[in-house]
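To keep things simple, chains are lettered A, B, C and D as they appear, and every chain counts its residues starting from 1.
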């Protein structure tokens, strides 16, 4: 089935428009936190409309477009099989070359509402050694509840990247996986949460790298990690409304 | 006792308003000097009003709020037992999850008027090895009068972080402590002085780290450190008015 | 033959004016991506007008001028023998001291439309060890199709730098060469493509450096590199119009 | 003799005003190139007025003032014995605590018109190991004509820093010295030239540091260094008017 934006119910079109703005704004966070260069990296967010049109959608960055040139109208809307839906303009953009990986995550992880991919430097460095980042910082215990795991080497072009992400993260507290020789993918409850995980995974990858350069780091006992993770997930921040 | 902002004397309310502006502005220094990412880090400043209302107050960052969204009205006012005082609005924000540590410092160190906490990268790297930063730079002798000490591993949730800070710093010239596996806390005569210490501790942690990567650093003899510290504390800058 | 801008056909003058704007704008990318300090670095772009005036031209940065002070009118127009063409103003600027190297590339590589030179930190570090950057990242396979090669040590002042670039790159997939003890030169289909290669070569030099600091990196098998390079060159980005 | 600004001849007052603007503007380059944090670092420039008033003057940063708060009117005018000259305002600022070192350089090196001091990270790291930066980059041969030398450990408070700078640089091609455990001082024909040297010494200190982290660097033969230095000093940039 090929979906066309103009054929969707008005309230779904409204949700699409809102999500395009959100995802466009979130892309500005990637260069801001120095997670990407040139056109690399991408953010997506799920639109939960299965009850309205029979399937969810998601919004993602177009392929190879500069961060300077992004905007809500450039964001590509896709179905969960990774096909873009038409918006009535003849020159509508092609979605990110990583779209299939994002689609696979949404299809196989129901609770996930946002996915981010970057080649951020320190996280990618750990990935190219195939070495997980050990949990030796309280902020890492807070945010990820343990080490940052390594995913398999996988080529673009089929579902092997998406499968590698899902298989690595499905039984993990971590919202970040370092795909071997490639770079980090992060997941979250929505796009913003996945962007936060992308910022934090680079931060902890960098800090632990620097710590390790001059000697051994002190491990945090597992029960302390558990205690920090539990508290941060339930107490930190403002009360949810 | 639960304090309410509207019940305070007018001149104390004035001091609270001024301090909220100061502390809000000081928070902008943390991302500016790249000491924090996302919502991490916090600055507080004491309000010396014990002679007016029987106890001092302090102002601190709200928990989990982005640096982009801060402003004087978002700053939380607390008593020295770490409880926020009510400001009459139903949606007033919750204070930083590190509030108990700040409160402990103010309660146990009378001369301290400002406290800052970050996870700045190089300082946190030394902290995760549990290794003090040796005093091998004249700017470090100037500012800290010796090495930057390590504080104990301590979990959030009771007064163990505050106690670790106070016990490490109470007999030290250093205004910075690196809490093991966690990150730096700095203290000062006011919020700005503690922010300066936070900037400088990262700077010296970074420079000494880089120096050590390629070989041994040259120690500065203790009497030279003493001479530099004494001069800087008494001669540097403009005359106090 | 000494060319004078005023003597060129009107349509060629138009192409010159457009290219000066493009090259001036591209120079802003070098400080933006932190590839240069002070006045170092330069971008050039070929103007394909051999069918109109018997030879191609190219536009390049003036020598020793600050990036703050650049603009289209400051860009120098040269013939392919590296001589600037006169523009009728007595104070017209002298071209970059690297002009001969750019000219040599255009003369000996017909398909190349842009050249960039920087002293970007990590690429120059590999260059000063005379060590090629191994291909251990998928983004490096995508962009460069293999390792970043080292070019010979060559002094400025004759065609030895240009010759070193061309001999190293003519049979390579890489659009970047690290000239020993000197720094990277990159080539591309136009100025923008060469700037992209300059950004990416620093990014991969930096990431692989950091990866190698803590241990061995995992090589990517040659057939996977081939597959990634082929796909990226043909599928990534928006369809060419 | 105590000089008073109001008592100087009108043309000298004019030169003072111009130099204060120049030196104020040059200070903005230090944070821009990330050579300083907080209030650290300083630039000075000589005013050649010995033929008018019997001695030269120089302009320097006030002590302990934030870079945000600088401006021409904040710049302090000094005689070559390092005493500030009065400007008629009761609250005129005290000059940098490094003023004596700047004054010593101007007094003992007639051709020097500008001096800069920073604690830039990589240069200070080499300084704290007491290890000169070897000349393994063509840009370093261009700019400094050889290695960056180390100066003695010297305390602030008498002329020992100034003496260390002059004794290290007087027979060197280098315009930069790394004072042991302290940081770089650079000199130049004017303030801008000394600022350029401060930017370049950090750049080469950083690049050679990074190169050395992963192995041995390739030395550049002395006659090639001589050739590069000679050419750069005489050919690079636009013709002097």
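Keep this in mind: a residue touches a chain if its C-beta (ideal position, glycine included) is under 8 Å from a C-beta of that chain, and two chains touch if they have at least 3 such contacts.
Values in this document were obtained by computation on a predicted structure and should not be read as measured data.
J.: Over half of the interface residue numbers used by both subunit A and subunit C, so same, or under half, so different?
T.: different
J.: Measuring centre to centre, with centres taken as mean CA positions, what chain is farthest from subunit A?
T.: Chain centre farthest from subunit A's centre: D.
J.: Measuring centre to centre with CA averages, how many angstrom lie between subunit A and subunit D?
T.: 47
J.: Could you give the separation in Å between the centres of subunit C and subunit D, each centre being the mean of its C-alpha atoms?
T.: 33
J.: What are the residue numbers in subunit C that touch two or more other chains?
T.: 213
J.: Counting only chain pairs that touch, give me the topology of the graph as line, ring, star, complete or other.
T.: ring
J.: Who touches whom among the chains?
T.: Chains touch in the following pairs: A-B, A-C, B-D, C-D.
J.: Which residues of subunit A touch subunit B once you look at their complex with the stated criterion?
T.: Touch residues, subunit A against subunit B: 33, 136-139, 196, 199-200, 203, 206-208, 210-211, 213-218, 220, 224, 227-228, 231, 235-239.
J.: Inside the complex, what are the residues of subunit D that reach subunit B?
T.: Counting only subunit D, the residues touching subunit B are 37-40, 62-65, 93-94, 97, 119, 121-122, 124-126, 128-131, 153, 155-157, 180-183, 209, 212-213.
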